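You will see two complexes here that share subunit A, one where it goes with subunit B and one where it goes with subunit C.
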Partner chain A sequence: MSFNEMLGPDGKVRLPYSKVESWLKQLGPSDIERALRECDARFRRQGITFAVYGDEKASERIIPFDIVPRIFAAQEWRRLSAGIEQRVRAINAFLHDLYHRQEIIRAGRIPEDVIIQNQAFVPEMVGVNPAKGIYAHIMGIDIVRVGDNDFYVLEDNCRTPSGVSYMLEDREAMMHLFPELFAGQRVAPVENYPAMLHKTLEAVAPSSVGNEPVIVVLTPGIHNSAFFEHAFLADEMGVELCEGGDLFVSDGWLYMRTTQAPKRVDVVYRRIDDDFLDPLSFRPDSSLGVPGILDIYRAGRVTLVNAPGTGVADDKSIYTFMPDIIEFYTGEKPLLNNVPTWRCSNPQELKYVDEHLAELVVKEVHGSGGYGMLVGPTSTKSQIETFRAKLLARPSNYIAQPTLALSTVPTFVDAGIAPRHVDLRPFVLSGDQVRITPGGLTRVALKEGSLVVNSSQGGGTKDTWVLED
Partner chain B sequence: MRLHVRHTTHFEYNTALVYAVQRFMLTPLGFASQRVESWKITAPGMDKALAYSDGFGNKVHLASLANHQGPMDVVAEGIVESSDAGGLVKGIAEIAPRAVYLRQTPVTAPSEAMLKLATPVATKDTLPFLHQLLKQIHKNVEYRLGTTDNQTTAAQAFANGNGVCQDHTHIFIGITRALRLPSRYVTGYLVTGVGASSTAAHAWAEVFVPDLGWVGFDAANGICPTDNYVRVAAGIDAASVTPIRGSRRGGVAETMTVEVVVEIAQQ
Partner chain C sequence: MLGRTAASLFWMSRYVERAENMARLLEVGYRITLMPGAVEGHRDEWQSTLASAACLQTYTAKHKQIDGTMVINFLLFDEDNTSSVKFCMRAARNNGRAVRTALTRDVWESLNSTWNELAQIDPATITPDRLPSFLDWVKQKAMAFRGALLGTMLRNDPYYFSQLGNFIERADNTARILDVKYFILLPRPTDVGSELDAQQWAQVLRSVSAHRAYRWFYKDSRYKPWLVSEFLILKDEMPRSLLFTYNWINAALKDLGTLYGQRYECHGLASEIQELLKNGNMEEIFQNGLHEFLADFMHKNNALSTAIAKTYNFP
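Let's look at the complex of A and B:
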């Protein structure tokens, strides 16, 4: 039985939801219809869409937005954010260590090959000293809840996590549609995220730069699934949105083309994957990046956010070591749980996974976006057998985890209001300090019983509230 | 030996270069058995180039230029005094942890056939083993120009039984890394005879031998580097230490010719 976040195990309404529960009760069908219509028009008008890879018909869809908010009490959030901050600090210390002395390998806490042979480890980053020692300036940590006080981290996204624009738009939509809901209770603001992001980016400018560093957002372009978000964030921060061709290296510095003279650039919030960032250092066929930008970065003349090579910290083969990593760098026990994980590269663990496939969630080690995974309990026999063949052909490509009973939140569906499973992606900024958005993006699996919340797999989003004391 | 090196890379285009950025890994470091008496890179944009040291300790330059007409030369030239240390490389500061030199890349990843040469040996027998491996690769893989290119993997070259110094080196380090011996790809120059010139720089491997240190192995020639060698840069594979890597706009139909002259310098 999954934990219902509105109705506790005893069937009583949990405190943070008391206002929303009574509001839901008095909401008539016509109110709901009006809200859904307005939502749809609103998101279409603003062009909030996302692309689904492998879907020929609809290259862009609107993410379904659910009007029932997901709510945390201040006390719950304090505990959760302490765990998140601990994890984020440990990850940045871990990355610094991997690209310097590798104490954690020397100490035998993590096998050498797991790091050194990892595709996401970037040897070009060895010895680089990024400003303030921060590598993963922007992280989106995927967390699920299985009980009142029971949270698990599913994934640490430290490459170029997306979704923050949905968090902001969801809040704006809720405030516009149901202003009465916000009256009489204090919901912690999220709308200052772009300002916090801007502060973080300023704080990590190269130390040689004066007071007002020039910041840009670097996008792969309009065909990227998150292009809307890149444009949105640049706009909100009041900085330029650039493609690779808008930036160039000259006489040892990075510049942006402008209608007047070229302008020096100090900080690049890049939403381009490592491989495509610089054809001189990485994929030579990339036309999305900026030739020479990595050299300028290594010389300390520009800051790249996030740093190249952060992916080694969120790789699924590293995930199983996270409790050790946290202890090694913080000297503390992890505050948030890790999901027990079987590595299919290990023959004994593979044997267990093979025998229990119908109960487990199996994921690709390097996959993301919910593609190429198996959720045993909700799959048909033939789906399981097809997957088994893939797993046995390339065991080292997979990890497996128990199927967690993700918590549910009431959600509008065709039949009315019904519980649906959710996860949470809080966004964490690290620069001069660690800043965590109160709440984050709640993703909801709209299909009954489904545990896959990814938007590419039919998930929706909810506004997420943290109530202030 | 006092060696005079002149490494010229000549570029020609059918149209003017609108813009180009080039990275040079063309600067030798001094260490116990190598003293750099003089060294200079001449290239367009070099006066304002960025210079920095990378994580492997290499001295790197990044030069840019705009609106360049006609051909372009990049010349690295200087005098280096070398002594024979039996291949032993001492006195280069190590920045990267040694484990990084165990990383297999797509071009070094050993095939099953290569792994047959990867016999685990006791620590004290490492050096003799490496000498034997050196001879074996030299024998099995014939030095032949034009049979491989810069994309060829160690596995392919080993299967075909021929290649150039890049392939010999990738094969050597692919096998030694499989034995958990940190190994690096080294670029440099080799004096081949009086008045001789060649169309490419040279490459060889360096392996960290326990209780001894980094030792060079030139599998293309089946020997350890002597005082005939000038060591320039080191990395994890050929692509990571490409002497010149660039990107350009304009400059249609690029042709590149390389001339390397290494001579015993006059006193």
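Let's look at the complex of A and C:
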């Protein structure tokens, strides 16, 4: 039985939800329908959309927004954010170590080949010293809850995590639709995220740059699934939104092409993957990036956010070592749990996975977005057998985890209000200090019983509240 | 401001203007086919609409026959046709989307909602009886876009670039419609002054929403080629005339020059064209050939567009 965040195991309304529960009771179906219609129109009009690849017809969709908020009490959040901060600090220390002395490998805590043979490890980064020693400036840590005090980290997204614009727009939508809900309680604001992001980016400018570094957001362009978010963040921070072709390297510095003289650029918040960043260093066929940018980055002339090569820390094969990593760099026990994980590359662990496929969740090591995964308990026999063939053909491509009973939050669905499974992605900024936005993005699996919350697989989002004391 | 941003603003406005002009041309083309006696000339009328829209070549490359329904579909919805309303609105919206940080919310939402509605429309539902209201819708959307732009955008570089695109497109459109009428539609000198001739001049005026304005302005209800041309070329009072568009183009370039503290070759070129129009007189233009005059104008207009793109680092 999953943990119901509103009702709790004893069926009594949990404290953080007390106001929302009584509000929901007096909300008529027509109120709800009006709100949902208004929301849909609002998101569409503003173009708050994401693209689903390979879906020509509906190439732009809006993510379904649910009107019932997901709520954390202040002290719940304090505990969670302490765990998140610990993890994020450890990951940055780990990345610094990997690209320098590799103490953790020397100490025998992680096998060398897990790092060196990792596709996300970028040899060009060895010996590079990013400003303030930060590699993963922006992270989205995916967390699920299975009990009152029981949280697990599913994934550490260290590359270019997205979704923060939905967190902000969901709050806007809620405040617009139901202002009365906010009047009676103190919901910690999230709206200063763009300002905190701007501060973080300023703080990691190359040390040679003066007081006001020039910051840009680098996007692959309007056809990217998260383009709305790129434009949104650039707009909110008041910085230019660039495509690769707008930037060029000249005499060892980075410039943008403007309607006047070229302008120097100091910090690039890039939303394109490592592979496409610099055709001279990575994929030569990429037209999305900026030729020569990696060289000047290595020379400390520009800051790339996140640094190249951070993906090695969120790889699913590294994930299993995360408790060791945290202990090794912080000297503390991890505050947040890791999900027990079987590596299918190991024949014994593969044997277990093969025998228990119907109970497990199996993921591709390098996959993301909920594509190519199996959720054993909700799959048909033939789906499981098809997946088994893929697994046995390339075992090293997969890891497996027990199916967690993700917590549920009441959600508005066709049949009325019903519990649906959720996860949480808090957004963490690291620069001169670690900044965590209270709450984050709650994703909800709208199908009954479904555990897959990804927007590409029919997931929706909820406004996420942290109540202040 | 990024050169790409300037280019997108320029093209965003240019495409909306083009979509609106297309709607106007089609409106007139459709009207003509409804007129008594139009039956035999039916095919010719659609052909002249295609010619005025500069789409005759691309149409005949794709279709063997000139057929009303096919022409309408080609000019409204065919996305292989870079002047179709649908292509223009998609291009305008994509350009706007790429630079939405430079737009006000009103401007962006007007583009976005137009595209969202247009994308939902099944071309088969735009039957001849629904065509006029659909064309009205296109015009209204284009005007709402321009209204949002004029009413909410700061008067700085994003605004100036959007004005340049808007008026360079309008200048091209007005010159082309006049030229097609004068040079292509009436090849036989004996037709000059005929009923058909008068009808075609009325059509030209209508396509720029100027048939009533003409009567007010000249206190004359007969459409004289001489005056219609003068109205659309030299009269500053007429918002789709060549002189009017060049006054706006020059104002935008001047403000841009002040803002950036620098004038370039394109400034000289634009004021040269403006002077030409300001000092022009119809007698001379007709003597030297209206077609030659218009062809030369379109060439210069195009050269200005290229010079602006080069000067301000459009990609």
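Here, the second predicted complex is superposed on the first by the 468 of 469 C-alpha atoms of A that agree within 3 Å, B and C clash if a C-alpha of one lies under 4 Å from a C-alpha of the other, contacts with A are read in each partner's own complex, and residues count from 1 in each chain.
We adopt the following convention: a residue touches a chain if its C-beta (ideal position, glycine included) is under 8 Å from a C-beta of that chain, and two chains touch if they have at least 3 such contacts.
Because the structure is a prediction, the values reported are computed rather than measured.
Q: On the superposed three-chain arrangement, identify whether subunit B or subunit C touches more subunit A residues.
A: Counted on subunit A, the partner with more touching residues turns out to be B.
Q: A:L280 contacts which: subunit B (first), subunit C (second), both, neither?
A: Once the two structures are laid over each other on A, A:L280 reaches subunit B alone.
Q: Quick one: classify A:E112 as touching subunit B (first), subunit C (second), both or neither.
A: first
Q: Looking at the overlay, does A:P123 come into contact with subunit B only (first), subunit C only (second), both, or neither?
A: First partner only.
Q: I'd like to know which partner A:T259 touches here: subunit B for first, subunit C for second, both or neither.
A: Touch status of A:T259: second partner only.
Q: Looking at A:E243 after the superposition, I want to know if it touches subunit B, subunit C, both of them or none. Which is it: first, second, both, neither?
A: After superposition on chain A, A:E243 lies in contact with subunit C alone.
Q: Between subunit B and subunit C, which residues of subunit A are contacted by each of them?
A: The answer is that subunit A has no such residue.
Q: Quick check: in the complex, which residue numbers of subunit B touch subunit A?
A: 19, 21, 23, 45, 48-50, 52, 54-56, 60, 62, 64, 66, 95-97, 99-100, 102-104, 235-236, 240, 245-247
Q: Taking the touch rule as given, give the residues of subunit A at its contact with subunit B in the complex, in rising order.
A: 99-102, 105, 112-113, 115-117, 121, 123-128, 248-253, 279-280, 284, 291-292, 295-296, 298-299, 301
Q: Spell out the residues on subunit A that touch subunit C in their complex, using ranges where they run on.
A: Where subunit A meets subunit C, its residues are 44-47, 221-222, 227, 231, 234-235, 240-243, 245-246, 256-260.
Q: Inside the complex, what are the residues of subunit C that reach subunit A?
A: Touch list, subunit C to subunit A: 1-6, 94, 97-101, 105, 108-109, 112-113, 116, 157, 161, 260, 262, 312-313, 315.
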